[in-house]
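Scrolling down, you'll hit the structures one after another.
Two complexes are shown next, each including subunit A; its partner changes from subunit B in the first to subunit C in the second.
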Partner chain A sequence: MAITEKPSAGPAIPTRRVITTEPRLSDKVFRGIVTAGGLSSLIILGLIAIFLAYQGYEILVKEGTSFFTSSTWEVITDDVGEVQSYDFGLAAMLVGTVLCALIAVIVAVPVAVASALFMTFYAQGKIKAFLIAVVDLMAAFPSILFGFWGFFILMPKVEYWSLLINKYLGWIPLFSVDAKIFTRSPFLAGLVLAVMIIPITTAVAREVFDQTPLDRIQAAYALGATKWAMIRAVALPYGRGGVVGGAMLGLGRAMGETVAVYTVLNIVYQINWHVLFGAGGNVASLILLKFGEAKPLEIKGLMAAGLALFLLTLLVNLLADFIVARTGKKGR
Partner chain B sequence: MSETKVSRSVPKPSKPWQPSAAERAQSLSVGVLAALASVGLVALTPMKGVLPTVIFFGIFAVLIGFVKGTFTRGSTTGKNNAIGILLGLGTCVALIPIASILQTTVSRGYKGIHTGLFTEDMSMNTAIDPITEGGLLHALLGSLIMVSIALVIAMPLGILTAIYLTEIKGRFSRPVRFLVQAMSGVPSIVAGLFIMSAIIYPITKSFNGLMGALALSILMIPTIARTAEEVLLLIPNDLREAGVALGGTQWRTVAMVVVPAARSGLITAMILGIARVIGETAPILLVSGGGDAINVNPVEGPMGSLPFYIWKSFFFGTEEATTRGWAGLLVLLVFVLILFTLARTLSRRKVRR
Partner chain C sequence: MSFSDSVSASMKSGRDFQNRQEKLEKDATMNESDQAKSPKPSSLASVAKSHISRGNSARRLGTGLEAKGIHAWFGSNHVLADISLDFASGSVTALIGPSGCGKSTFIRTLNRMHEFIPTAAMAGEVLLDGKDIYAPGTDVTKIRLKVGMVFQKPNPFPSMTIGENVLSGLRLAQLKVENKDDLVEECLARAGLWSEVKDRLGEYGGALSGGQQQRLCIARSLAVSPHVLLMDEPCSALDPGSTLKIEDTIAELSETMTIIIVTHNMQQAARVSDYTAFFLSDGGPGEMVEYGKTTEIFSNPRDKRTENYVTGRFG
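Right, the complex of A and B next:
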């Protein structure tokens, strides 16, 4: 008996369904909308660069390289308010930005790595959950809170510590001062920034340490390693990329911080490498300081400064991404 | 017939890996010894104050831990102990500032809290008036309006970005992920400058709440996008496959299966976004105008906000003004705490299956 049946001439056979990978119209629209939304970050970042460059272009062209090498920032006007001459130079502010951010990273990274290691490998149960919650909470604190806390609580103490450091370590050029003015120094700003970036650096480092392969940890223990030996042989090499990435992320944050630095730093248009001396600068706080009384011309200068700051933080972030991607592969 | 008697002695549960009472007492004694030694040293020498005591406590704790370990089990254990204590101390160092910040804000801010604070604005008062006069209603309303508008703009963009990264996985996934990361690193003041250069100077020429909201939304997008991406990645692939297997298009699978499953996580993303911008000061100072009277119209006239109120109060410098500033900070802190707790309780709930 044949298995196949002859089709009877009854109702029409439905035409064969077309099988295709072509998405339907609804999916095409959906993908279009989502892709457009996904590219919003690209568009916004691009617009930021374009508009800041457009507004600051005039100043950047007129000042040329002296915008980055000169330290004066002044507009001289006559009695009527007409601009006589102007000179916009960011050197002191750029140096100050990097200096404060570096102090912050140098102070914050050891503390952050210690707490990340402690949270991952030592703390257990409720203590661990509590520590993680507290650090995450601190990351959510607004910067204005850190700023005024730094001004009212930390500043008197730091002034005293600066005095001590200068007294006993003043022979190191970095800690020497020309005049004994320790208020509102880059050191204080760096400490406030350090407190601000500890949470994010800790969080990034902890996440990486948390992913340390369990088999390697147990292999180390099985070979008779103590906890510290395990951390040194397994966790630290594995998490190096995360630590560096977290530190760079913190550096980027510290460079772009405005209000916290503005409240605790004495802004002076002069390159100052002496961290304890009460004079410093920060591009972001310069913008805030000058914005209030700025005339249109100076606003253009501030836009150019904003562009420089934007590109600087973008560069640091790019570098952080690159380092994490590279060391991450090596560690695995 | 007699039943065989089975001995029913259940062994007492023990956790041999946990430190015994004697070991706990020993660890505690290290701490006590270090504390005594540091206090003694500071009392005997001309040093005074809390700082040297704390520093020497750390040094002594590490030393004593090292010596104890070395004598009982050899130098490897000694080193292990010392490092363990050091890491614990490092964690304490990270916690001290947060404790100090909380304590200061509460102890200085509560003096400025009074009932009028939430029912009056500052249009009839200045910051140097007695604390019981005026309030921050205008600032609260302003912050609320600006954050809401920012949310309306940032929420769709952030979630679309997250969906692009997790569902579509298009050609630009890697660069988009990097750009979102880069965007979260954009200094907040640059966001304010951007709004000024792109909108205020060329077009509107006025400082108002909408401008503040636009600046805030730029800062909000990356937070929402990154949290939402993490949440969407947690949704099991089975759900997506089930959706497609039932004949759903991708659009319907995402809209009817994936997003509803991730609902509580997406709300967490929203809350974290709000927490990120509610205390953001720099862009607000630049573009929102910052009025003292209640203004609920975001496109007309300057709009006050909580950070602006705090900023303004502190710069008057008198005792009343400073108390006002701390009270404002306390209100802000309470908001952040509430949002943070909400986000944590929501994210602790399991992803709905």
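Right, the complex of A and C next:
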């Protein structure tokens, strides 16, 4: 409004000009291509969400909140295969998903940060190049192989470690067990997931550490810093955002992981917070377990479970973005 | 910048008016001498003479620094040949010369920052208080505590507040100090920054202007009480007002420590230094052409190349 008002005194203030530019054709074409690329992931994600919501809608409405609060997952049929009754509850699987993923991140992040720091600041020449190649290769490793390795190699060891942890730290509720069943526990699944997400977390963290401004590194050294002191004062504050980002990428992968968890975890339809106890589950492995012989009705239930996992992942990522925005930007 | 502006700026910065006016006149003569065929080396020399030489001070730290036969390489590229220089305790030495002549490389051999560049190599000895800093078994971090450095680009730690930046050297070297607040105030005051930041010590270092950031970096290096301070073109990214303040700081610091400053600004070399070394590379490794009292270098250089450089004929 102020622009169009006539000034009462003094020289007339001209109206503000609209500033435009006419991009040339090549620029328009390129803009179109990258816009299409940028929107494609959004569209695909949206289509998947709509598909899941459409398929799972019926079950979600019928089960209501008990879909997220009850832990029973059963379909009762009569002799000719007609559905008598059903009860779909996802609580145990949701808890299991978060629990396994958290164990994985807690174990993986320190290892990943350490190896990223080693590759950035300590390893030299050919060893450095070799390590980077190995980590990148590991990040692309099929998860079933991690599952196999976890099943055959890690499981016997973890059982023993669990016994020790339970013996000495059993007074912490998280590490207590009701019965001495340590095999195929969320702890084991978490460790397998940790091994799986270390490479991706390492790769992201290393990329960020690698970009630590040289002038700050030199400033620290010129003040008489040891390498470790320099890393603490310069590299870690600078790379904090990258570490959190890498951890979140790993967390996302751990939450959605199917086969590796299915291989090593005892899937039990009961909420279990005791990480050492051999019972748990996660949403993705439930879907894998049930999908093969599911009737149309149960498939709808699994679609609803898929939607729940989708939303959970989205929620965690939003939370992560929030954390990064709150802590990562300060003083960069 | 009008004349009156620069005068008021000089008054603010605590410089005396006379000096400033002299300098302005000299700037004018410099420009004339560029155009006229006959250069006047005496124009800068008078600036150098106006620099008061200091007597011995009891507060002086260390017994100076001595470089003996320094050579430097990057890979197979020989960039610096046979530099020997003795930096007396409490003196200010300016290193001048065109870009690429090895001044910065030389200064970085003096606190062992040279070795951070992959493929970098060196020969010769650097004696700090009589001991070779390259001797086997030396803890390099202790050397760098005694030989501080200020870089061309101001580089405060952005993740730390102003106060934390000043104390960062202590934290990095894991040193303990009795009264942190006093030390922060003392270092900032010596760097000429205290009055500007005393009410905002909790703000982040990046919030300061370029000139203030550079003085913060100086304050930061003072906190670990180095014996020698290396300054690699500390004012090249700064405005004239900030430059003057830093030069005042240098004059004050030289009462207690040995200062070695690389500069492309010959006025600055003449204003702040007691001794000047002229470096030059004629395609091969950089060499030291001439070294002497700053007054001599600017008024009566022995080497023709030095004269050409300090009078602005090249470089």
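One rule holds for everything that comes next: the second predicted complex is superposed on the first by the 280 of 332 C-alpha atoms of A that agree within 3 Å, B and C clash if a C-alpha of one lies under 4 Å from a C-alpha of the other, contacts with A are read in each partner's own complex, and residues count from 1 in each chain.
The working rule: a contact is a pair of C-beta atoms (placed from the backbone, for glycine too) under 8 Å apart; a residue touches a chain by one contact, two chains touch by 3 or more.
Note that this is a predicted model, so its numbers are computed, not measured.
Taken together through their common subunit A, the two structures put subunit B and subunit C side by side without a clash. Contact with neither subunit B nor subunit C is seen for A:77 once the two complexes are overlaid on the shared chain. Of the two partner chains, subunit B is the only one touched by A:310; subunit C is not. In the superposition on chain A, contact is made by A:229 with both subunit B and subunit C. Among subunit B and subunit C, the chain that touches a larger number of residues in subunit A is B. Of the two partner chains, subunit C is the only one touched by A:216; subunit B is not. By the touch criterion defined above, A:270 reaches neither subunit B nor subunit C. Of the two partner chains, subunit C is the only one touched by A:238; subunit B is not.
In the superposition on chain A, A:321 contacts subunit B only, with no contact to subunit C.
Here's the short version: in the overlay, subunit B gets within 5 Å of subunit C at its closest Cα pair. Put simply, subunit A uses residues 226, 229 to touch subunit B in one complex and subunit C in the other. Contact residues of subunit A toward subunit B in the complex are 23-24, 26-27, 29-31, 33-42, 44-45, 47-48, 51-52, 54-55, 110-115, 117-119, 122-123, 131, 133-138, 140-146, 148-149, 152-153, 157, 161, 195, 198, 202, 226-229, 231, 249, 252-253, 255-259, 263, 284, 287-288, 291, 299, 302-303, 306, 309-310, 313-314, 316-318, 321.
Considering their complex, residues 213, 215-216, 218-226, 229-230, 233-234, 237-238, 330-332 of subunit A touch subunit C.
The touching residues of subunit C, when paired with subunit A in their complex, are 111, 113, 116, 141-145, 148-149, 151, 153, 155-160, 168-169, 171-174, 204, 206, 217, 220-221, 224.
Residue ranges on subunit B touching subunit A, taken from their complex, read 51, 76-77, 79-80, 83-84, 86-91, 93-95, 97-98, 100-101, 104-105, 108, 156-157, 159-161, 163-165, 167-168, 170, 172, 175-176, 178-183, 185-191, 193-194, 196-198, 201, 218, 221-222, 225, 249-252, 254, 272, 275-276, 278-282, 285-286, 307, 310-311, 314, 325-326, 329, 332-333, 336-337, 339-340, 344.
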